[in-house]
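Labels A, B, C, D, E and F are assigned to the chains in the order they are written; within every chain, residues are numbered from 1.
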């Protein structure tokens, strides 16, 4: 009943892989904005690593995975501070292998793996408010949203009875409703997508949008980001098996197949509708596929993965056009890809769930596998619950911030560029005037720094 | 007889690492082309992830690793669709540990690891036809080449008797000829290099070449790509041990040592011949070393790795000049690095094979280790067989595509740039006119999208 | 007593992760310099992979981890050539599990993991001499510094009694002094920081500095580099547990928490002193936190990690200004971040060491955990010893190189740009004149190469 | 023939272009320039060191026009480029001896 | 003295440079510009939204010449830059009062 | 009015700017250009293939001045930009008919 080194190795590696997804997302998003706001975009993502980690250590992990306080709605504070977790194991017991079972992990390894999910989820939202959000207001948003929206929802979806402790009790969606979500279609993607919709409404359109929609300033960065996301997503999905097991291999396979199918689906849609397959489309299709297969990767067979992938690729490629009809400046299509993709994957489980490939599944077979409508119903309830909860609470949080410290930069800041306005930086200097500095002399930095040091003494 | 979690963890991690190599290759290549064709270069690589994955799931894995249909030439279709593989194990049996042995893996984990090899091999070819290939023609090429060339050759080289099943029979090179190729010097590098030679001939020179050979538009991207390749290559080589074993550690060590030696070999050659060591040379030397050690990494000792590395670095640094003598526009030196490097590594095994470091080797000691000429002969036969098979069939496929849908873009498209012509995109917009959009107003996107949506209804 | 596959999988994965840190560092540094010296910066880092690897295989590993020659100062040459290590195991024995114990690893896996530390340490130094170091002089420096400084210091700190062999004896800091350094606060960061100080003095200020301090030419690259460093650092720190164990999970957790806290600490300091939080600051804060937690990550609880992170973030954000007061052109703040951060982490262990979270620790509790001053004293001695040894010997090596082959490029080379002068390359060509080559015709490359081939025959 | 040269704020280019089409100008050449004048630059901060950017990004517009059209074009540009804030830029007119259209070899007004 | 200015297609620069050397021009200054005129730009598509690029990349050439050489230089450029397709560009000549070579302070023709 | 145009070495820009302020010039417009002349370019090597860069990066300076100030400005630039090495550049003066300040519509000297 002791720690399984192979499984622990895989979960630690997966945690590192998922950590890399947030910088990956930063470049995926950062490449899409104009060159004078790329740094702000990178920062909105990167700062999530810092803010959410601290919350997680203090109370986030505990709220998400502590023993349920009732109704499967929230965890208690037993694990606040995380130090409690040192030396403890977690796992699932079986008759021959009572808790923590044969695949026991250090609680801290599990906590770190799950932390990375908590970090990237709010980061996903940032794409909806590119070029115009105040940095510190976003930091406040991260604190509130993580606490009020993500931690509870993670408890609902990811906290299983009898995992963190022999008789620990978890969240309602996972254990009572028995909706299936292998790696976070609801808690991560629908959750972030619904929040993105709310923030896009609250912050409003960028100056000049849609007449002057900027084009991506660095498409290779977009593809670099998408590639790092794809790479890290293996930790996200296959790591969610929490063991180096056959289920992990299945999740890995389905993730790859669905993503590949989605890329083809998106590109063919582009070819038919716009005449050419684009690089931005390939990157977007990959992310759409990864999003859609996330909840399903451990519960469907390869045919299911193929179907989910193609559908996600085609539908998302069409969905990104809706924002123009709605006049909604969801700048980088978080709704069109993460909300739509998350819904596709979560709901299609109701059709493709196949218990033959995952005997440990708590759910039923899908509609196409003789399971009737039961599972489909559960999936819709879970998706709807998370969507509504996230959208409503994000509206509240967003309006609160807007009303108090303000959420959007000045119009002037938008014109000169948010990087200069919010971060006093310029992303690139490709040697204007053969080296830059000659035309732009730095004030005697010594003096400056001296001053500021004085200043700090004062 | 059950699954080994440690080995599975390593193979899953390795599969993810090898997946990352294809985007790495995309940046290695993409940085070398001019800025108006970088997106096309990235796409030729990235699309391989999508196309080959779907083929692999449908029939590719089965053709490569299904039971031999006869003569060790091709696998059968028992595994078509891959879903067959769920819950199954693979491994090597021994007397005390009958099949699947002590290092058993999920078949799907092995299938995913091998898939990544199938993806990057055709991607390697793309470097020979930079700036001028039609995107969809390349997609067709991937489908045909994967099916007719890669899947059979992978069977010859990578399919071992008694692995996928207790009495499964595999390919002729691995089991009958007993040539040694630890991670794909023949099936991957010679294969891709020979195909690159064929395609470079078929597509012909770029406009203005060699008088106007463009310089790399983004050397840092080249080094980024080379670094991701090096990183991922640990999965490629050490992962090919299919276990977290001493052999994996040996492969890891030899990979590192040979690559380091090759970088030094290339840079010193540059210093002596051209007066300066270049960044492009360092990146190229690393790849040359990685290529050359690939077949040998599990069969030679550290001295062998050093020798192979230095030789590969020096010889490839000279070999890249040949294309100018031959008037062959192998744009990014796929022949000079992958074909030459692959031959070096594959054949030098005949000199450096050392059974002391790998008791499981099916081969003999090399010439320098008292093994005589036997192994050298086998290596030459294997290398020659793959080279000829790949070159001839690639010629046929290439000519077929050229004769039907055409393989090359119009001269005009080449002049304005293939990114604009084939993908309707521009890679970079560094704020021309201090922000880009002001000088290049987007047509009311609402209108546009509306149109296109109409269009889709029609 | 045989090899533990799970632990081996984790250590191999960690070795690959740490390898990626050096390219990550190259981009972290490379983005900070001006566009006409980015390639040289990348090369100074990348070449360390090549040079140190070869030294390591030949004698470096042996000098560091071979049996102690006396006084815990240096290892012997038993492992020279590394081939000795094939098939051997390493680990720690216990009463129930005599050497190599339950977590045995292949010696080569350990050797590769440690190699990556030996590679990145000298690479860190390069940031102090940006824009002005002769490439080949730097290569010579790497050879001498690795041999005379790093290998001995690694022996002092990382070579534990009874690991590489049942009765192997290691270094004085680890075994006699019993100072705690989990992953290299002394051997890596203080060591590199002190050396950076020495080289900055020897090479002197860049032309025009500080009046014309260039600004970073590519801030996204800086963040990309910091992100790859953070990702790879999980191998660095959690991998240093040399097992997929609870201690690895603790190190992983502390690494994440401290880094997050440091980012916030740095950004808040910037906000208060300079009015805005910058992207460069976020990246720098992350690195500062990673540096400071490195020695402590396996010995402190989460509260300790939080404290160390915040302190490192704030102090380093202030420390980087000192160079202007001192008139020392430590171009990329290696002293301000690695020396200062390394000292913070190493010494704070004396306050925060908590034996409850690491029962295998050879040290005592820290001052704040009832351990009195003992451990604090040891930490100070260890830090001081490495600092002085590295600073003095680096001065000697640096002066030697300066006096013989010279260490700095000509002033003219500095003005036109070191990339052109030292590497005959230009980092970027974003299609000036709509495609570059038209305005910059390549000399008939055929001719050229022909010449040079002739040349080689001569 | 005259050459009208204008230094304007980048984001006004679209309006200026439109205004020029109004007065019948069929072509123009623009480029990115850096301006120095009453409008000041800005400062940035990198690891605590201030970095002051003295120049302001501007767009330079060059329009060849028939003598008769000169003033109308100047007016059009000035109107369209004006925001009333410091840094709006300058417009100046210089004499041109001859203009040739490369494609046809046409000279003078026909070349426009 | 005269200043010959030419707006040409980027890929013709090499030929133009050669042609100028033919007629004895020893130096020139070139820069990247964006052109607008009869030759239209192109459109791109990003996630289904069309993005139209109105300007065409051109190269601007400036050559100071002795009065006597003016016409020959104009001819040389026009010949070398002509492809016959729309967008070949313009060449114009403007008067110059004085030219000074910075290095020596020489004036007029000696400064070239 | 006169337009003083100067082609100088990039790293001399700061000194030239200072020198101009000395003689009371309040504004200027600068841009990146590529120069060709006596000063030769350099060659690079990529995988053994030589790549020769014929042009040298220069900075172009444009200053509108009052007729009276013309010569002083030319002097100031020439002095400040001179390094004595080949490639220091050229300065030339061209006549200007009118100058308008966009913000105010002021003309002539008042526009500067």
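Everything below uses one rule, namely that a contact is a pair of C-beta atoms (placed from the backbone, for glycine too) under 8 Å apart; a residue touches a chain by one contact, two chains touch by 3 or more.
What you are looking at is a predicted structure, and each value in this text was computed from that prediction instead of being measured.
Of the two chain pairs shown, C-D and D-F, the one joined by more C-beta contacts is D-F. Interface repeat of A-D: among B-E, C-D or B-F, the matching pair is B-E, sharing over half of the residue-numbered contact pairs. If each chain is reduced to the centroid of its CA atoms, chain A and chain E end up 52 Å from each other. Averaging Cα coordinates per chain places chain D and chain E 18 Å apart. Look at where the CA atoms of chain B average out and do the same for chain C: the two points lie 31 Å apart.
Multi-chain contact residues of chain C, defined as those touching 2 or more other chains: 4-7, 9-10, 13, 210, 213, 215-216, 218, 273-276, 278, 280, 321, 324, 424-426, 428, 430, 432, 434-435, 438-442, 445, 448-449, 452. Residue positions of chain F touching 2 or more other chains: 11, 30-32, 34, 44-46, 48-49, 51, 54-55, 94-95. On chain F, the positions that touch chain C within their shared complex are 11, 34, 41-46, 48-55.
Interface residues of chain F, counted against chain E in their complex, comprise 2, 6-8, 31-38, 54-55, 58, 60, 70, 74, 77-78, 81-95. Touching chain F in their complex are the following residues of chain C: 415-416, 420, 424-426, 432, 439-443, 445, 448-449, 452.
Interface of chain E with chain A (complex): residues 44-49, 51. The touching residues of chain A, counted against chain C in their complex, run 3-10, 12-13, 15-16, 19-20, 23, 26-27, 30, 38-39, 42-43, 46-47, 49-54, 57, 81-83, 85-87, 105-109, 111-112, 115, 135-136, 218, 221, 422-431, 434-438, 440-442, 444-446, 448-450, 452-453, 455-456.
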